[in-house]
Each structure stands twice: as C-alpha cells, then as structure tokens.
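Pasting the structures here.
Shared between the two complexes below is subunit A, which has subunit B as its partner in the first and subunit C in the second.
Then we have the complex of A and B:
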C-alpha cells in the first residue's frame, strides 16, 4: 500500500496532502443527490455505489458458495469445504440454542446471514487500503470506499431490519396490549407511567442504534488507523529516512492487521449474538 | 456520513440474503444434519442389536454344543452296550458251535472206533485161526470149528 502513498505524497507534500488523502479515502462514490464539490450526499435520494457494489458482491458470493455447498451435500463423507461450512453452521446453531428461548425457524438463518455477511464485509478492511481505490481510479472511478460496513447505511440497514423483526415478534408474542403495557409499566411500575414511556422508548431505540453504531464505529476507526499507518511511509519519507519509516510502516500495518482480524470476527459475532438476544427478549412473555 | 437511499437498498439486499441463505444453505444443510443424526442413531441402535443377537447366538451355540455332547455320550454308551451284547452273543454262539462240533467229532470217533473194532474183530479171527493152525500144525476146518471161532470173535 506504500506505493500509492509515496506517489501521492510526492505530488503534494505537506499537511494538506494528508488531509486530502484521508478525506478522499473516506468519501463514497455518490450518485444522485450529491454535493458536486465534496462529493458527499446532500440529500436522502442518493446512492453510495461502492457500498452497494461490494455489499451485493459479497451477498452474491455467499449465495453462490452456499448454493454450491447446499446442492452437493454428502452426509456420509463430507468434503473439506462442506466440513468448514458445517462447522460455521454448528457454531451459529449452538449460539441460537444457548441464547434463544423457544423455537423460531427464522432466527438461525438470520443469525447465520448476519455472521457471514458482516464478517465478509468487514474482511474487505484487510485488503490494503490503497489497492482497490487505485484499481478503481485506473478505470475512471474517482472515489471508492471498499468496506461496506464503514458506511452507516449498511449497518443501520441491518439493525433496522432486526428492529422491525423485534417489534413484529414483540407484538406477535406479547399481543398489542402486552406490548403497550411494556411501554407503560416498565421498568418502574404503574406509578411512573410517563417516565416509563420515555425510558422504554429510549431502551427500544437504543437497540438498533447501538447495533449499527458499534459495528460502524469499530470498522470506521479500524479503516482510519490503516490510513494513518499508510501515511507513515508516505508523508514523512525524505531520502534516507525512508529506510527507517518504511519498515516501521510494515511492522505497524502487520500488527494492526492481525489485531483487526480479531476485531472484525468479534464484531460479526457481537452483531449476531445481540440480534439473537434482542429477538429472544421479544419472544419472552414477561419482561 | 449521510443516511441515503443506500439504506433502503441495503435493507432489501439484507432481507433477500436472509431468504437466499435459508433457501440454499441453511435449509438443505440442517435437513442433512438432522438426517445424519438420525442415521448415526440408527446405526448405533443396529450395532447394539447386532451385539445382542451375537450374544444370543453364542448362548444358543453353547447350548447346542452341550446337547450334542450329551447325545454323543449317550450314543457311545449305547454302542458300547450293543458291542458287549454282540460279543456275548458271539461267545454263546461259539460255545454252542464248539459243543456241536465236539459232539460231532466224538460221534465220528465213536463210529471210527466201532469200525476199527469190527475190522479188528475180523482180523483177529483170521489171526487166531492162523495161530491155532500153527499150533495144531494142521488145517482147521473152518466149517467144523466155525462155531468155536465165532464164539471167540464175539468175546473179543
């Protein structure tokens, strides 16, 4: 990832180059209602094409590989990859069984989808930060943010879908009256109805928001750290100093990469488990 | 970090992805896992049953062996008894035969003796006559002395 930085730094040395570099990397490829100068979305009716492209690409990959594995299952002599998928499936299934009370055929596939999709989208973060934008720029795409989970739209889309499911199952299991009662009499009993309404509303809204923001924040920060590490070699390299800064960049990058491998897995896992927990709470009669 | 229509597009993608994952991966695979569990359980049950059957068969084989042994012993005893009987019978037969042969031989001997006696009687008569003739130095008239001779012969 150093090459791009080196060449960019050569063009515009100084602090302005650094800011521009980071800003450039954090700008989505926006179409529709966009600001022509900053290339940020200026209204709701715009699309982040890069987010959508990579999100859909990974989704398609999951479906394709899932279809390949699912259509050639061998119960007696599972092949290597089938074993691997079975292991993931078993892992998700165990989480659901441990956390989710009762039975709902939707929960396990939902959890598996979240785990796979989030993990693979997060995994895009491990691709060198300059590689994909560089390739994109050679074919005429000015902005590219390769990690869909560093776009709040993606994480919020998932958490809102989960939120809709939570509300749906809450009403279905507790009944409309029961759901209303939860807002009125929880958590402080019947003498604090107004406080209860505020508290429960905040609590319910915090669920999707915390889900979305936790994932987004972790991945965005991770991406930012990768960018800063990429800058070490780039902006500070002058002559012989490169012999010092370049190895440092490599070492730091490798360290953060290994640490981040843990982070992306953990974030995918947390998103999955919290989804199961929230839906499990929606399925219990008494709060 | 503006919220845009991307949100809606990603929500649609998410819902579709859940549906697809359930359809192509989770459904077939969990069905297969359930089936495999069942097969393993069946296999174990079959193995258990086989073991049980083997035990039963071994027990039965043991019993059969015991019965066969008892039967063989019985047959042996019977055979011995029969052999003894045959030997006894043979002994009796032999004795009877021997006695019969002995009697026949004795009868033969007696007959031979009698015949020899007859022969001797005749010869003794002629010898006696020849002896007497010598003693008397003359012919004995067989006719005239026949009565005496016959008396002598009868006495021998």
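Then we have the complex of A and C:
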C-alpha cells in the first residue's frame, strides 16, 4: 500500500510522496459527514469506522479472555496465563488501595478496564505500520488507522467518561451545595467569587482535556516516528544503497519499538492512576 | 510476555501515590491555558464581546495553571 501510494504520488509530483504516505496513514476511515477530498470529519454525524472497529474488537477480546480465564480457574494449580492475569489484577488492586481513599466497588474494575483497554489499544501501534492498511486495501478499504488511541475521539471519550464520573461522585460525596462552594470560594476566597467561578471551571475542564491530550499526543507522535522510520526503507532503498539503509531501518525500528513498549505501558498506567486520583479527589471533602 | 512490560510493572509497583499527579503538571498547565481561551472564545461568540473575554479567560487560565502547578509541586514534589 505504502509503495503504491508513494509511486502514485511520485508520479504526480516531485517530492510529495513522503507527505502523502504519512497523510494517508494518518487518515481515518470516515463515514457520514466527511469531507470528500481530505476524508476528515466535517460535521457532527461522522464516524471513524476503523477506530470504532478496533476499539470494540479489543474490548471484545478482553471480555472473551476474561470469561475464558474466569470459567477455568484452578486455585490449586494455576496455569501460566492465570498467574499472569492474577498478577495484573493484584497490581491494579494494589494501586487502587494505595491511591484511593475510602471504599467504592466501582473504582477497581474501572481502573482495570482502563488499564487493559488503553494498553491493548496502544499495543496496536507495534503492528507494522503498512500491514493492516495493506490488507485493508486488498479488500477495498481505502483508509485505515489501526491504533484507536491515535484518534482524539477515543481518548477524549474515555476522559470525558471519567470526568462525568468525577462530577457525579463530587456531587454525591460533597453534596450539591458543597460542590457549588468549591466553585465559589476556591482558590481565592470569598471576595473574588466571579474569578473563582471562572478559574475553577477552567481547572475542572482542564483535567479531562489534559488526560486525553497526553495519551493522544504520545501515541500519535509514536505512530509518526514509526511512519518516518518506515519511510527510510520506502523511499531510499534503491539498488546497492539498500545495503546501508535497510540495516539502519531495522536497527532504528527495533530501538523505537522497545522504547515504545515502555511508552505504551506507561501511558496506559498514567491514564489509570490519574483516573483513580481524580476520582479519589472527588471522594474527599477537602479540595 | 515482554520483559520490558514485566520491568514496567516492577518499577510501578511502589509508586508515591498522589505524586503521580506530578506526571500531569505540564499538560495540566497547557490544558488550562487552552481551556481558558476556548471558554473565552465561546462566551465571546455568544455575548459578542470579542476579544475581551478570550483575553481575560486566557490570562486566568494561565495564572490558574501556574498556581495549580506550584501547589502540586510544593505539596507532593
């Protein structure tokens, strides 16, 4: 796919091939109100089918594997995979116990879901960048962006869900009056009520935005670096020069892959921990 | 199981709890400025007072972001 796009682009213009290659790989499969030229969403009712498909596929995978492990638990002689799942459960449970004040049965399952889902969605980034678009193009799908977390819609949707939960628990724990007081008298006291309202509103809205942008930014940049490394082989390997460029591409790709493995785990972990922390702050009386 | 993943799990097993908020100080500061400007822009469009509120809210977002960052760093840093 990459080669075809490149050759077409190279045919049309002198040096636009690399730009087109990158743009093509960063374009979602949009249906509904989409711009026919750029294939970007141009209205409210536009869906990124690839993001939805891979997001739900991974969610279904987690549910299926969870169900399989759950139905074949062996307390006396746990299998290797059961041990692995128990390790993750124990890890998330420890985090929740350490970070979350009080008790809420919703938090640990929520944290576990976020961690696993975000991690696996991020993990799609490690699949070779040309592989899935190539397979998709053979069955007539023109655009495919396989990593759901490189789509801001996914990360914002998750962080807004967390935000709604934070608001819900804030009102539940502090009471409607207590919640309003936070807006009125924080952070400058009772003499600056209008400024306080604006500032607290900005602060509260910044939480989900920063949560979403951090994940999106890291994964989008990671994907872009993979594309750039792929371009080393795609554009520069001609004849004997391949002996130089190909090993370089392999080394760079492997290096970035290993580093990126750390990044995707860390980002999934940070999203989970910050969710717990924000919900924990909603459950405490003092702001 | 990738060894890097195991390593990450090992490193993360003993975090300084609320200290994890510090990971988000930078992006929170940036997000507050952005939210300030966007809120101001939206209100300006509604009240037809452009660019007054955008400027004020942007400044408030910046000040609030710095205050929040300072508060977090001095409490858990």
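The rule we apply is simple: the second predicted complex is superposed on the first by the 273 of 287 C-alpha atoms of A that agree within 3 Å, B and C clash if a C-alpha of one lies under 4 Å from a C-alpha of the other, contacts with A are read in each partner's own complex, and residues count from 1 in each chain.
Assume a contact is a pair of C-beta atoms (placed from the backbone, for glycine too) under 8 Å apart; a residue touches a chain by one contact, two chains touch by 3 or more.
What you are looking at is a predicted structure, and each value in this text was computed from that prediction instead of being measured.
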Q. Which partner does A:141 reach: the first (subunit B), the second (subunit C), both, or neither?
A. neither
Practice task
Using the superposition on chain A described above, determine whether A:87 touches subunit B (first), subunit C (second), both, or neither.
Solution key: second
For A:63, using the defined touch cut-off, is the partner it touches subunit B, subunit C, both, or neither? Pick first, second, both or neither. first
For A:156, select first, second, both or neither according to whether it touches subunit B, subunit C, the two together, or no partner. first
Counting residues of subunit A touched by each of subunit B and subunit C, the higher count belongs to B
Please indicate which partner A:73 is in contact with in the superposed arrangement: first for subunit B, second for subunit C, both, or neither. first
Check the residue A:45 against both partner chains and state whether it touches subunit B (first), subunit C (second), both, or neither. first
Residue overlap on subunit A between the subunit B interface and the subunit C interface none
Subunit A residues touching subunit C in their complex are 84, 87, 91, 94-95, 98-99, 187, 195, 198-199, 201-203, 205-207, 209-211, 213-214, 258, 261-262, 265-266, 269-270, 273-274, 277
Subunit A partner, complex, touching residues on subunit B are 1-11, 13-18, 20-22, 24-30, 32-33, 35-36, 39
Subunit A partner, complex, touching residues on subunit C are 1-2, 4-5, 8-9, 12-13, 15, 17-18, 20-21, 23-24, 27-28, 30-32, 34-36, 39, 57, 60-61, 63-65, 67-68
Touching subunit B in the complex, subunit A uses residues 30, 32-33, 40-48, 51-52, 55-56, 59, 62-63, 66-67, 69-71, 73, 75, 85-86, 89-90, 93, 106, 108-110, 112-113, 116-117, 148, 151-154, 156-158, 160-161
